[in-house]
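Letters A, B and C mark the chains as written, and numbering starts fresh at 1 in each.
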């Protein structure tokens, strides 16, 4: 008989157990950091800090470990998943998190064909959401959609991807995977020889998942010694991150030579999709990874998926494949975020405070 | 800490509190009128009368006041929201009402792409719905779709908009807003000086929300002294309403001169969408309202939304904006309708009978 | 007052009561056969045998008779309905079954527009489903989609139609109707004079519902004396069924002359849709049934619906119409399958074992 914990796991690549991460704090969770999220919106990773990211990972690990009792945490709460840009993966992941916490879901699986067709503004949609649900989870192809809907919406709003903007919950999932993989990265200061070198294949300026991941990486300056951005663009970073990068003590460089830097990387973060105006652009063939790529032994690959050619399925069976374990943590992270924002932490018994 | 009642409200425009409407009957609800709806379908506003409209508004107000205890009113009941014409707003509003009463939902968010694609008839779809759910909420672009589905369907059917036909639940929402705004309108006879003059910008003959609103307005002859229909058509009323209008004691006139009549109106009802064959037609520019429009002081605007250019966002921040409060009442009205039709009033404790 | 059992029934054609089928085994259900389904996937009817088909029908009948108490059988379970080919009927039928057993649903009503649009592979979608739900119900236009998703998915998978492959749950619904119509067919051996002659109008090789129905029919060699396949193709059967047909003791013949064989048939099975490459092809006009067709007195027609011209609505009001009763059994059969696969039979009290 397979236990529930084992079942809710990746089919290939190393399994990331939650217990080692919990052991760092002796099973305790930074409840104060989570409680500060009650009633707030999560739009941009700049709202977060290392402490909050770690607290969310701790709660996610507690939920994944099943070492808690839950008293229908989201009972009576309705989450609206408003996907004006279709995404099976992200929508179902959020909806699964809501349902597993005994909340309810109002689903807009493909907003392109609905209200918009009658010329309805995002602001007016926000007005109607006020009385329909208790939290709104929105994906939208327009970067300024968050600003638009917030004109009238007075419910917590979770950004599930806004154009070339941000995707903060994905970045939290990315870091949950890294913290389970190397729990010592959650400490304020890692010994120098344990600090990691992260390579990011992509263009943070135009790719929201890459941008949000990088924004969170900058918060872990005690664990990350260097970040290399691998892009064909001279300035791939974009205005949004210029200042945080300048202020960061982490060494950051940019190269277009993926072959020379690849053997040095402990973590490779990649994505397949860049927003360029209204269309998508796949990564260049030079930046594709497969079993012939010169990866450092022990190096791990993160990818928010869905993938295209840039990440070969050959790698799925290898120990470099952290992306399947990364995906397997998504529902737990989103549960932690929802329980915090909807102020229902008290319904999850067994949260030991730090 | 914001209370639940305050949260489920409009962001702009006057807040319509439910308590004054409840005070008219000392908190009592006309339960007999509601019980008569058990097991019935709601297809056309002509099935309603002033007493039933008022009773639905009373129950909606009770639910909005939160001064009731609900024992999972729709427990074990499944509502099918069959939207063969997409509408985020109306679908989510109904689904929210079902979920907040602890019912369950089977959702057809966009019926255009599904069964119809294989040539399935609406009658056959009705046959299958018999065993899938307990009530069917349907929107369909064809006016005769209600007749078609009723050939085989023997579950209660709620019309959520049929072509150029009717939209009775929207009209109930409109009147719920008016009755909260002016609770004395719920009395059988209002003093003459308190009676209101309603202007309707649009073509009841071809616009279902306008038609249904007008049909209900005719029931309030003790409170409405005059209705002016503002349209560019010589005969905007349509066959459907000719007789009820002739029989009504309310003075009804038709004009295409919006400027001259506007300053006399206590209530302006408008809509943006007319069905003309298979396409939509927006209202003419002359009929657009903004802050320069010569509205009477104290006059209020109703609009079922979504809107286009005909209603300027400039008006949102003014006291003329009753349309946001109107939208905020939608879920409560639909809860009242569903609990009545599904015969579960006994699970809402605290209903004091008149 | 209409009882729940009566309400969940067909509007036209004979009503198929579940009690006579239950009486065959004195109300007992072959629990051992059902328990063997726990944790398994249902992809192809060849996984089934006469005993299992009968056991599923018995449990469906018990559920339809309402002579059971259910303790939220699917509590805490999430079913993913992943319809990469849209189908209102099948999707809602499964979702209704899940909800009526108090499970929860993650719905993909139209997978064509979602993950696929970004080039995501079915295998990767299977990987993500591992942590989102507890059982996956998939329809897909590609016949090899089951093989693709199973590369990474390690949750039970229910095939709700794969290209020109199979549709096993539909075939179970078909046989549930036949076994309620003639409960003696459930016995291992029927007296010769009670054995039936089944006619199948269609091409099993390319029509998945027809193929799956025929595959199950071959299991009832003690009750079916002859099967006539009526098709314009010389070899309508296809590779898949060649061996089972050769091994079957049932007499099987093929004809394109529907008129001559029709008066001999006890059961006529028909379908409207054949997959031919990417498109659909309707049945030829010669194979259409209406009130002028020379049907044997007492003969019944099965059709999985949705229908087109091949089955006239004239027949709806006749005793030949078993297809509406067949449709009315769908939710009960799918409940029986889900409760068995998700190993929750112990939550349905009153199951008497054989």
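Assume contacts are C-beta pairs under 8 Å (C-beta built on N, C-alpha and C of every residue); 3 or more make two chains touch, one makes a residue touch a chain.
What you see is a predicted model; the values in this text were computed from it and never measured.
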item	value
Chain copies touching (chain A, chain B) - same or different residues, decided at half shared	different
Rotational angle, Cα trace of chain B fitted to chain C, multiple of 5°	120
Approximate Å spacing (C-alpha centroids) for the pair chain A, chain B	41
Interface hub residues of chain C, defined as touching at least two other chains	107, 109-110
Residues on chain A engaged by chain C in the complex (per definition of touch)	7-12, 86-89, 92-93, 95-96, 99-100, 107, 109-110, 272-273, 280, 305-308, 313, 324, 327-328, 330-331
Partner chain B, residues of chain A touching it in the complex	78, 80, 104, 106-111, 113-115, 117-121, 123-128, 130-133, 152-155
